[in-house]
Amino acid sequence: MILILRPDQPASSTTLAEIEALVREHEGVEMRVHQFEGSRHHLTEVHLVGQTAAVPSDPFALLPGVLQVVRVTTRYRMIGRHASDRRPVGFHYNGVDFGLDHLHVLAGLCAVDTPEHVDRMFAACQESGLETSRMGAYKPRTSPYDFQGLGASCLPWVFESAGRHGVRVVAMEVTDARHVDEIRDALERTGNATGVMLQVGTRNAQNFELLKAVGQQREFPVLFKRGMGITLEESLNAAEYIASEGNPNIVFCLRGVKTHLGDPHRNLVDFAHVPVVLRQTRLPVCVDPSHSVGRGAVAPDGIPDIFHVTGQGIVAGATSVLVDFHPSPAKALCDGPQALLPEDLPRLVAYARTMRAAYEAAVESFQGEPAGL
Amino acid sequence: MILILRPDQPASSTTLAEIEALVREHEGVEMRVHQFEGSRHHLTEVHLVGQTAAVPSDPFALLPGVLQVVRVTTRYRMIGRHASDRRPVGFHYNGVDFGLDHLHVLAGLCAVDTPEHVDRMFAACQESGLETSRMGAYKPRTSPYDFQGLGASCLPWVFESAGRHGVRVVAMEVTDARHVDEIRDALERTGNATGVMLQVGTRNAQNFELLKAVGQQREFPVLFKRGMGITLEESLNAAEYIASEGNPNIVFCLRGVKTHLGDPHRNLVDFAHVPVVLRQTRLPVCVDPSHSVGRGAVAPDGIPDIFHVTGQGIVAGATSVLVDFHPSPAKALCDGPQALLPEDLPRLVAYARTMRAAYEAAVESFQGEPAGL
Amino acid sequence: MILILRPDQPASSTTLAEIEALVREHEGVEMRVHQFEGSRHHLTEVHLVGQTAAVPSDPFALLPGVLQVVRVTTRYRMIGRHASDRRPVGFHYNGVDFGLDHLHVLAGLCAVDTPEHVDRMFAACQESGLETSRMGAYKPRTSPYDFQGLGASCLPWVFESAGRHGVRVVAMEVTDARHVDEIRDALERTGNATGVMLQVGTRNAQNFELLKAVGQQREFPVLFKRGMGITLEESLNAAEYIASEGNPNIVFCLRGVKTHLGDPHRNLVDFAHVPVVLRQTRLPVCVDPSHSVGRGAVAPDGIPDIFHVTGQGIVAGATSVLVDFHPSPAKALCDGPQALLPEDLPRLVAYARTMRAAYEAAVESFQGEPAGL
Amino acid sequence: MILILRPDQPASSTTLAEIEALVREHEGVEMRVHQFEGSRHHLTEVHLVGQTAAVPSDPFALLPGVLQVVRVTTRYRMIGRHASDRRPVGFHYNGVDFGLDHLHVLAGLCAVDTPEHVDRMFAACQESGLETSRMGAYKPRTSPYDFQGLGASCLPWVFESAGRHGVRVVAMEVTDARHVDEIRDALERTGNATGVMLQVGTRNAQNFELLKAVGQQREFPVLFKRGMGITLEESLNAAEYIASEGNPNIVFCLRGVKTHLGDPHRNLVDFAHVPVVLRQTRLPVCVDPSHSVGRGAVAPDGIPDIFHVTGQGIVAGATSVLVDFHPSPAKALCDGPQALLPEDLPRLVAYARTMRAAYEAAVESFQGEPAGL
């Protein structure tokens, strides 16, 4: 059971005491207090855990400091969308709203290589009016003899360039807890105009120690990529690890899965799961067309497959798109073949907006009169 | 090498003789003549097979009766989209154009049960302005003890009702060559106002004897469903079986695949393959959201998943949608849980058109200036 | 409920009448009589179908002509191993015992090509003391342009050679009901010294019309190969189709499955399912190491992988092994790379016997004192 | 190119200088020196990396201190079995020989719970003459709300009990670098009679930071479990990470894979890969029947499936078997249903030896006269 307290309540310590008194009446039930910094409010949730099935909700709902009581019906206690759950989806970070009403394109380099390329990329973002990007400094690679990323050494000039071009959020993969510290240090030294969304990659989807590490800090939100070889349920449980440690600011990213079907793309695109994640959780959903599709090819209608699946994600409700770009794909140190050119970015943004408009029109037509399903 | 002759050429027998003379100069090369009845023209193709790599194309291209010479570069000789291939996609059947410019919704019953249900369904199609539907009379079922379909006995009243409601094409699965004869007989007896598109189901995707049987007739077009457990390439080879026997009027249907990922839907939706099929072949593409998604659930935005994946198929270029309906899903003898209600049909058609309009807008914006990929 | 009558009972018509009288007392229950020609006895089973849950078994068990009453607890009514089911596993055919006490190696050509190769192969079988072989005349191939087998034309000389070399059972794939007739005709014309086990291949595992066709005849037993892309349960249901039409003489063949794991072999070997099939059904189990492993490679211990997996099948309880051979693999028209040489056959037989002896020793050590599981 | 120096050579520094002089002649080539403590010798390998394709091997082979020159032909530089590679497989640790000539059963608790259960288990190992076991203290679990293991607190009494019962090697999963330190500390405090083989679990198969951590120490060997959702090649690359950091003492463990085939076992058993791993690498292979098969069932021959697949692993060349036991499976905190009882251990050991004897007999029959493959 989750008790959501009225925000910015002066009497919240009173409320906590009242709750505690009620909890004490029930054996085998414990309470845990979670504090969240929302975009406009300070929020407090009290989670009752243990044998809560027989605990009535009314006494809690009647307390003046309690805004809402949510009965937790699924295994995703923290990230789950529970029955009669009116809490909003998403979060604000560094001035950017990662809720359901804004579409973000996170365009950038899979692997940082030179300052010129990074600068060129952030400039392209700025020209297209984007405040979000992606940059890879720490690369987990299948073979120990492949390029492993530039690591901490590139962070200062990456962040400096991002700040200079008005990019407020850079998604960046981390593979070890110490990378979070390195990123924090580098951001502080560069004056912090830009921010970072920590990315947990598909190979670390069940690296529970890493999940706990990014969950135990609240400074940075987390872009969690589903495991390409595990079930959606296992991936959602992994996201729950992050939230259960205290960090609820998570974007759930679909990026294709590996199957036995000799896929003509790099992976089998799993963007039909967008509405499933939105139904089962309160996490905004990102799609990664680059890693799903891999090397780009163009359909006879003139539209590249990477665009087509981007559209598929957006008309299903995704609000973020993570895309690989490189000014010179042939020279890219990682995943070059799937990179778009910076000059393709305006067209991608326009295409994404066309699809978003279609999605919004469809949603509007479903308001008021629900489907007969 | 494929030589496409000028249509309706009075001198085509002269042309054939000229081609034959040229072919005789090359050892190990044979010619095969294929005649097609197009919507407006009678077309002839001459296929050169065998050791054609060293055969020059110019002498053939210079013959006055030859419209175009297509070098076959892939293994899909008949269905493949070859380099510099300007032949159109699709076909006409019983007054319906299955090309790339028209969107068709084939809405109907997975398994025919009662005349009332069939009539109710065709009436719903008519009310929504649809000329296409689906009806299952022969059902291949996993267990021998499951309902196996009403078979030939229901065909007369199914076709009579279709004709009465202006439904021109009914997609209908066949599992044996004799079913084609039964369908032909029933259509003839009911006066033939409606027509049938023979459906080859996913379990028969590599039943090569059945593929040959539906390929050796040209009366009915074929809706071929990809194998849910084989590769896309194997499925396209199976479609090639149909065409290589003489019937090029094929719609290729995506219907989801089985994976190891504990899919939250009935299958993993494979509609990202729409542009791949359109690129590799000249077959129009259908999507089957009902068998992909299975039991319907509604996303928090108010839109059912079955709709969402329909949209994903359409914005990627699919031009047919095969959907299960039933007036009383709880009483359906097969796949009831995934059926929509007839009263949902207008909304589905409206949704599909919204998505089609977005697709067309996107395609238009890509004309003229190709992507920098 | 299955009633097994006492074999060769003169009074069996009386028994049937008595059963019928008892059945009439229960609404919604029907009886079906199945006659089987066993190796030494004529057997009759009466199956009660419909709402049998409330039908008591005692009145039937007390009838003097009833040997045993088996309550059917699973969906595999005909092939299933039901609780307290004492019926034996397997069958006799043309003098060969396909029960659990005999190990058979079915060594032969994947695709028949020349009389010399066929003769050479049967001679190798004879030299190794084998009465069983395999020969492919009808080949279902992924592409319509691949070699499709010699078909009916090769049957006379194949069967003549088999008979001459004392091969009593040739496993032979069929892909259409008319192939069964062609085989029957050819056997009759060659005097019938050899026999055929009809093989249903993995691509036809859910071709229900073919399954019904081989089930509606009882002259030939059936070697059913599991579907490489469907579940074991779906494959067992397919075998049930054969039996439910009247033919219980089935060998269930494991042949590897396709996965997404980039298998270093042609397929992922599924021989851990041997004990599962033996537990859930009364079918003897065959393993096909050639199609599982594909192209042979030799382990550092000097033993080819094809042998190693053969051993894995045998120590788990398989009693048949289907292996591809070819006197000149480089010239084979189908699957040449996975073929062993005829001169490898004695070594394979010796290896198989070593593994069988280990299996029998292990089984013996488990008699008397069951495991504590 | 790998240069293996003569062991215990007094002049090895001379040899290194001679090699360095030769290397300097080739641009783009670097040398790396690896020192190994073998069971009887101190070994030195010099690896030449970079553009070595054009470097001739003869000048190095002629140096008096060089025993052998191995041309590296695969991507598995450290763990790979290269052409003409005569280096032995395996290693010694704490008095136990993990080479190809000894069969080890590592029987123990999936998750440590009470001192009594641990003691009971080690006593069972001792009674069966085993020097090896497994114990789980750190448990990576799919859900954050599942039992996560007792962690460092149980190590003292676990190691004390192991030492007391003569268990020399305990396989123990670690999920973070700090666990290695905790284990080292606990072993030192308990006097170190027992030793630990660090286990990397299937969920961490591509946790490259953890792989590097266990590779950067040489005190403990590593039992690496293949990823259940990645390819064998990716898993071998992961093992290469460990070796490339300096620790070559690795046992490669097969534990079943997840497929889409609705497996009747917990996973699809992948023990047909045993000879593949032995062919591609110089790593000894372990099989884990418990996690492959999951909940035990008994075949009609009286042998549990867990035993059957154990036999399948051994006859293919596996030399270690990792098996879950629990004195009271119903009370186990993790994976109880798949645990055998301690009283089953003698029977498992006897069964394993029967299978090992069959394997050795088969290998012997292949010596001298190689197969005609």
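Chains here go by letter, A, B, C and D, matching the order in which they are written, and residues are numbered from 1 within each.
As a working rule, contacts are C-beta pairs under 8 Å (C-beta built on N, C-alpha and C of every residue); 3 or more make two chains touch, one makes a residue touch a chain.
In this text the structure is predicted, and so the values were computed from the model without any measurement.
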{"item": "Proportion of interface numbers common to chain A and chain D (over half same, under half different)", "value": "same"}
{"item": "Superposing rotation of chain B relative to chain C, computed on C-alpha atoms, to nearest 5°", "value": "180"}
{"item": "Geometric centre distance via CA averages, chain D-chain A, whole Å", "value": "37"}
{"item": "Between chain D and chain B, distance of the C-alpha-averaged centres to the nearest whole Å", "value": "52"}
{"item": "Between chain C and chain D, centroid-to-centroid distance (C-alpha), Å", "value": "39"}
{"item": "Residues of chain C whose C-beta touches two or more other chains", "value": "229-230, 234, 258-261"}
{"item": "Touch list for chain A against partner chain B, complex", "value": "81, 229-234, 257, 259-265, 268-276, 278-280, 292-293, 296-305, 307-309, 311-312, 315-317, 340-341, 343-344, 347, 350-351, 354-355, 357-358, 361-363, 365-367, 370-373"}
{"item": "Footprint of chain D on chain A - complex, ascending", "value": "75, 77, 140-145, 175-176, 203-204, 206-210, 227-230, 234, 237-238, 240-241, 244-245, 258-260"}
{"item": "For the chain D and chain B complex, residues of the former touching the latter", "value": "229, 258-261"}
